[in-house]
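What follows are several structures.
Same chain, two partners: subunit A is paired with subunit B first, then with subunit C.
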Partner chain A sequence: MTRFIGYSIACLFGLPLLVGLAGSILPAVGLMPQLAPGNGLLQLFQDPRFWPSILLSIKTGLTATLLVLFVTVLTLVCAHGTRLWGWLMGFMPPLLAVPHAAMAVGLVFLISPSGWLVRLTSTVVPGLDRPPTAWVVPDSGGWSLILGLVIKEAPFLLLAAAAQLATINVDSSLKIGRTLGYSPARCWSRLVLPQLYSRIRLTLFIILAFNLSVVDMAVLLGPGNPPTFSVFLLSLVNDPGSRAAASAGAVLLAAGVLLVIGTVLVLEVLVAWVAGRRRESGHRGKALNAFRRLGQVLIASLLALSVTSMVMLLVWSVARRWRFPDALPSQWTGDNWLSRSELLLNPLLCTLTFALFVVVVTTASAIAWLESERFNKVPKLDWLWYIPLLIPQVTLLFGWQALALLIRADGQWLTVAYAHWVYTLPYVVLILAVAWREFDPGWNNAAAVLGACYWRILFRIRLPLLIKPVSQAAAVALAVSVAQYLPTLLLGAGRHQTLAIELVTSFGGVDRRVIATLAALQSLLPLVAFIAALGLPKLIFPTTHQSNASA
Partner chain B sequence: MNAIKTKTSASWLCSLGLALAFTLPVQNLHANETDASWDKTLEAAKGQTVYFNAWGGSDRINEYLEWSAKRIKEEFDVTLEHVKIGDIAEVVGQLEAAKTVGRDTDGNVDLMWVNGENFAAMKRNDLIVGAFADVLPNTDFVKKSPSIEMDFSVPVEGLESPWGGAQLVFMHDTQITQTPPVSAQQLLDFVNDGGRFAYPAPPAFHGTTIVKQLLHELSNGHEALSKPVDDADFEAVTAPLWAYLDELHPGLWGKGKSWPNNAESTRQMLDDGELDIAISFNPNEASAAVKAGQLPDSVRTYAFDNGTIGNTHFVTIPYNAKAKEGAMVVANFLISSEAQARKANPDVWGDPTVLDVNALSDEDKKAFEAIDLGPWVLQAGAQILPEPHASWTGALEQAWLERYGK
Partner chain C sequence: MQALKVSDLTLRLPDGTYLCKSLSFEIEPGAVLALMGASGSGKSSILSWITGTLDSRISAHGQVWLGQNNITDLPVEQRCLGLMLQQDYLFPHMSVAQNLKFGLRGGTRAQRQAMVESSLTSAGIKDMANRHPGTLSGGQRARVSLLRTLLSNPHALLLDEPFSRLDTQLRATIREFTWVSAASLPTLLVTHDIDDIPSHAQTLSLSDHQASSTATNTVEPHHAG
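== the complex of A and B ==
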């Protein structure tokens, strides 16, 4: 029975991945002529937007990823062990939980020529009564998009790295390095980073795949003419004459991501060789305090940029009139929240229905999987969960949409919810796996000796003791579901107007104050979930000492 | 693969039969246009849910549709669901796909907001349920005008029901720009003197309209524009347009490399001061925007001296609609004087009516006369230029993209 449940979960999860690939590959090679007529590759190559959009995606995706890695390393070297580090560890989790689209909207309101940064500057610089014309947002070079990706993805890598620091005993490594006379930066580059890199490599690849194929942020922050490759594909897929081309492009995109990852793996060997030579040289290096300060300033600015973007949403959501160059709104109002409740309430309910379903089902299936894994009924399949995070969403979803159209499942609530489940399960399983595998079996044995049955042990011992990671995983599930744009868009047939959909489709058209309110609301949901995840365990099981259980 | 193929040919047969079955009732209605048949439609519509695919990029329009949904539910027991979409062309594409795979009943879309090339494509590919608009009781009060009978030079023939009028207009802030450009040449001079202007990149609807506007003026209203583009010497007719745009683009906001998303962003950017001139297809938009705190009081609306492009927008029912009767009830409600007067009110939407107000009862007339547009809107007398034939839209968009879309 356990084995059956375990394998059902793996199949329900794995099957769509196969179907998604098939649903992209078949139309691409002309094997689904009724849905996607014509030669996709040929159509794609003939489109004038093909090469420019590919080059743009490579530029934005690679630059953003390199910068994410750079910022992470810089933070470790310059901020670890300082007060700034404490700030970062406090701010990063909520920033990570903020949906990409909402952060992008806040960033636009901040860095546009008429944005808040210029408005604030105009209070000290005289003569700045009209917005400058030196730059525009989004810019045609894709730099706004790169900035957005960096401030959104750097927390992800940084937290992944921070979580690994304890396992590689970073403090003693640094101490040994310092004792041997190495400069702080060299302690990191020679002693810590080589150990750390292999542990955050997979996270880096997930970020790389994401940056190369992101849609919602690219719609909001990226250039429109030509757009990035995935946005270009999205504009093709809904036109039946171009579906073959869109599918071919989606397959190319996935292949491109794999190619880039392969290249990075090759580069790793090279870098490791060079680093090894340098390590053996024994140069101690000099402590460059100025460099450290500069790094800290840069990191603090990036942090300030993300936090201010979020503040920006809140300010606009209560503004009635706010003209350039006023530093703050001249008229305030609560109307954006209160009198437009229908505009907010329907998408909110729609978002919550998916999110709550996903939280319950995903958490339950992750627990079921890990329980069957614990009894050795199913093998450890950690690689499986990473697949949907490494294949571009566009590729899988074009395939699912093709199938859904064929079996007429598009637009159905359950179809969309299924996709949300596939995209949340990896995070939940991977988060819970750590706690599950570290859990001291002594608790089970003691309870079993006392005569408790399996279910009693699960519900009275394991879950109460593991309630902290479980509720955190549930909060992550909610955050991931709330942020889903593409699955809801492509499988929902326009029937399911979640906050994410509403925000991206109405950006630029609808009143800025409404956009800000939508984005603020979308960001509040995961934040509330994380606060609840911290508070609820204590409320439900006030007497259990959860913190000891997984330590 | 064989199984799929067999299924396809079978469904082709099905689709043919169903398509016939579906167009018949409408034609019958058309034949004996009586109150009795409309009563039957009302009866059949009860309890139906109508999925109305309409551009969702304007909160004012969205709110107007929410009000319409409430009224329609009260009066006709029909549920109206506004499916907000970015570009109706995608929906036309989905319908073509549905037709190809034989999904000829229970379609996802019951009513859609279209005009121009999208209507032309639907008409050409038989994606419309039939001449439903002729049997709507409120059609009697609709204006008899060329732009309502011809949609981008394509005869309407009852295949779509008019919803509102539109004309390309420009808005400027009199505190910043006292004398705005009123011709193509003046616009070029304005931009070269540091004036801040930009238009959305085609195929965004307003961008295409600006291009058409400029083409109309620069080709002196060439007669080829009212005929299918295949019959024209496209290169020759459009040469002055491209020469002009080559000159204009470097001086635009975004230097001809970045473009505003849509006309609404230009309005926002006018308010922010990033632009001096905003574009709209609604001559009354400024009124609502000023009242809602989105534009300064000093904003005024104007058209070019020799007129600007105008057209009518419509609603139509796809051939595979599930709630066909419900969709007809909604279409009929949308041209009721109640719905049209509310829509014309700038506090709500400010979209010009398609009704012949003089033909209405005195009471209905009063509702229209009570509307106060304020000084911000387009003043009467601006000439309306006809849209080029629908086929020009795609050709112009493609040519624009090839030149400036890389």
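== the complex of A and C ==
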């Protein structure tokens, strides 16, 4: 039974991945003419937007990923062990939980010519009574998108790196390196980072794949003409005559991501060889305290930018009158929240329905999988969970949409929920796997010799003792579901207006205060979930936590 | 070589408990001072303070000298102290030879290679140069760790229970290797095992100094014969 459940979960998860790839490849090569007529590649190459959008995606995706890596390394070298590090570790999880679209909207409210930074500047610079015309957001160079991707993805890589620091004895490595005469920066570059990189490589590749193929942030922060490649493909897929071109582009995008990942792997060998040679030189380096302080200022600025973006959403959502160049609204109101319930309530309910379903089903299926794995009924398949995170969403979803159209399942609630489940399960399994695999089997044995059956052990022993990681995984599931834009858009056929869909489609054409309220509401859901994940375990199993605390 | 001198050291925990008060001692080159005391008595904290890696929550007053140089306020990497801990901390992403070269200061590529080879030969692990730390035995790891420390040309050696993770038979061999290798350096050994202390060492029990001590314990080298 356990084996059957385990393999069912793997199949339900793996089959859509195969179907998604097939559903993109077949129309691309002309094997689904009834759905996608014509030569997709030829259509794609003949489109004047093709090369500019590819170049823009390469520029924004690679630059953003390099900057994410740079910011992460800079933070480790300049902030680890300082008070700033404590602040960062406190702020990162909630920032990570904020949906991409909401963060993008907050950033626009901050850095656009009529944004808060210019308004704040106008209080000290006289004559700035109109928004400057020197720049626009989104800009044609894609720099707003790059900035958005950096402030959204850097916390992801930084938290992944921070989680690994304990496994490589970073404090001891630094201590030994420094007593051998090496400067702190050299200790990081020669002792810690080479060990750390291999542990965060996969996270970096996930970020790379995301940055090269992101859609919602690119719609909000990226240029429109040409758009990024994935946004360009999205415009093609909705036109039946261009479906083959869209599919060909989606396959090209996946191939491009794999090519870039392959290139990075080759570069790694080169960098490791050079680093090995430099390591043997014995050069100790100098302690550059000024550089360290400069790095801290830069990191603090990026943190402030992220936090202020979120504050902007809240301020705009309670503003009645906020004329340029006032630094704050002249009139405040709660009407944006209260009197627009018809605008907010439906998307909220739609979002919550998907999210709650996904939380329950994903958590249950992740636990079922890990239990099967614990009894050796299924092999460890960690690589499987990473696949949808490494393949561009556009590639898989075009395929799913093609199949959904063929079997008339598009627009169905269950189709969309299934897609949410596929994109949520990897995070939940990978989070729970650590706790599940490290759980002391002595607890099971102690209960079993007392006569407890499997289910009693699971519900009375394992789950109460593992309630903290289970709650956190459930909160992550909710956050991931709330943020899903493309699966809901492509499979929902316009019938499911979640907050993510409403926010992206309304942006630019609707009052800023409404947009801010939608974005704030979308951000609040995962935050509430994370707060609940901290508090609920104590409420549900108070004795477990008392005994843990006293242990 | 220069003497290692600690003068008037007071360490206090955040809750106000004193780990030591006005502790002073001086270790001449070639001498060994064994710092003993129960767990939590502050032995390792004293050693961390000397290296400059003391937890910032512990308040510390005192001075540390290497010969005529006051190194109290110098950054860790400029103190020229060799440190060996309970765990060997051989860097797992480097081979044995790379670990040793990491300790070396200066020299041409050929000179550095020659120094690594001669030190491995002297330690009886000549063939281990290209092995990775994970493939070495406990004793081999301990030797490589000590060699790496010594190749960095330290002016004093600080040992924080470096033998405690080794099995009984190996301990005697590694102890002997350590005392011979570090014969010209002032050495401070933190241990709670009396067997770790070489016969020529002086012992300072930390509990004797928790109340107060103003006397300077000068430890001079042992001259055989």
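Operating definition for what follows: the second predicted complex is superposed on the first by the 544 of 551 C-alpha atoms of A that agree within 3 Å, B and C clash if a C-alpha of one lies under 4 Å from a C-alpha of the other, contacts with A are read in each partner's own complex, and residues count from 1 in each chain.
The rule we apply is simple: a contact is a pair of C-beta atoms (placed from the backbone, for glycine too) under 8 Å apart; a residue touches a chain by one contact, two chains touch by 3 or more.
In this text the structure is predicted, and so the values were computed from the model without any measurement.
**Q** In the overlay, answer first, second, both or neither for which of subunit B and subunit C A:R178 touches.
**A** A:R178 sits against subunit C, while subunit B stays out of touch.
**Q** Kindly classify A:E280 by the partners it touches after superposition: subunit B alone (first), subunit C alone (second), both, or neither?
**A** It touches subunit C, and subunit B stays clear.
**Q** Classify the contacts of A:D216 with the two partner chains as first (subunit B alone), second (subunit C alone), both, or neither.
**A** A:D216: touches no partner chain.
**Q** Kindly classify A:N169 by the partners it touches after superposition: subunit B alone (first), subunit C alone (second), both, or neither?
**A** second
**Q** Have a look and say if subunit B or subunit C is in touch with more residues of subunit A.
**A** B
**Q** Figure out whether A:R130 sits in contact with subunit B (first) or subunit C (second), or with both, or with neither.
**A** First partner only, subunit B.
**Q** Could you please specify the touching residues of subunit C with respect to subunit A in the complex?
**A** My answer: residues 51-53, 75-83, 85, 87, 89, 91-94, 98, 101-107, 109, 112, 148-149, 152, 154.
**Q** Taking the complex as given, what residues does subunit A use to touch subunit C?
**A** So the residues of subunit A in touch with subunit C come to 169, 172-173, 175-176, 178-184, 190-191, 194-195, 276, 279-280, 282, 284, 287.
**Q** For subunit A, which residues count as touching subunit B in their complex?
**A** Listed in rising order, the residues are 31, 34-35, 37, 48-49, 52, 112-114, 130-131, 133, 136, 138-140, 223-226, 238-241, 243, 320-321, 323-324, 331, 340, 342-343, 405-406, 408, 410-411, 493-495, 497, 502, 505-512, 514.
**Q** What does subunit B use to touch subunit A in their complex?
**A** 1, 4, 8, 51, 53, 56-59, 62-63, 66, 81, 83-86, 89-90, 93-94, 96-97, 100-101, 103, 108, 196, 201, 253-254, 257-262, 264-265, 268-269, 271-274, 292-294, 296, 401-402, 404-406
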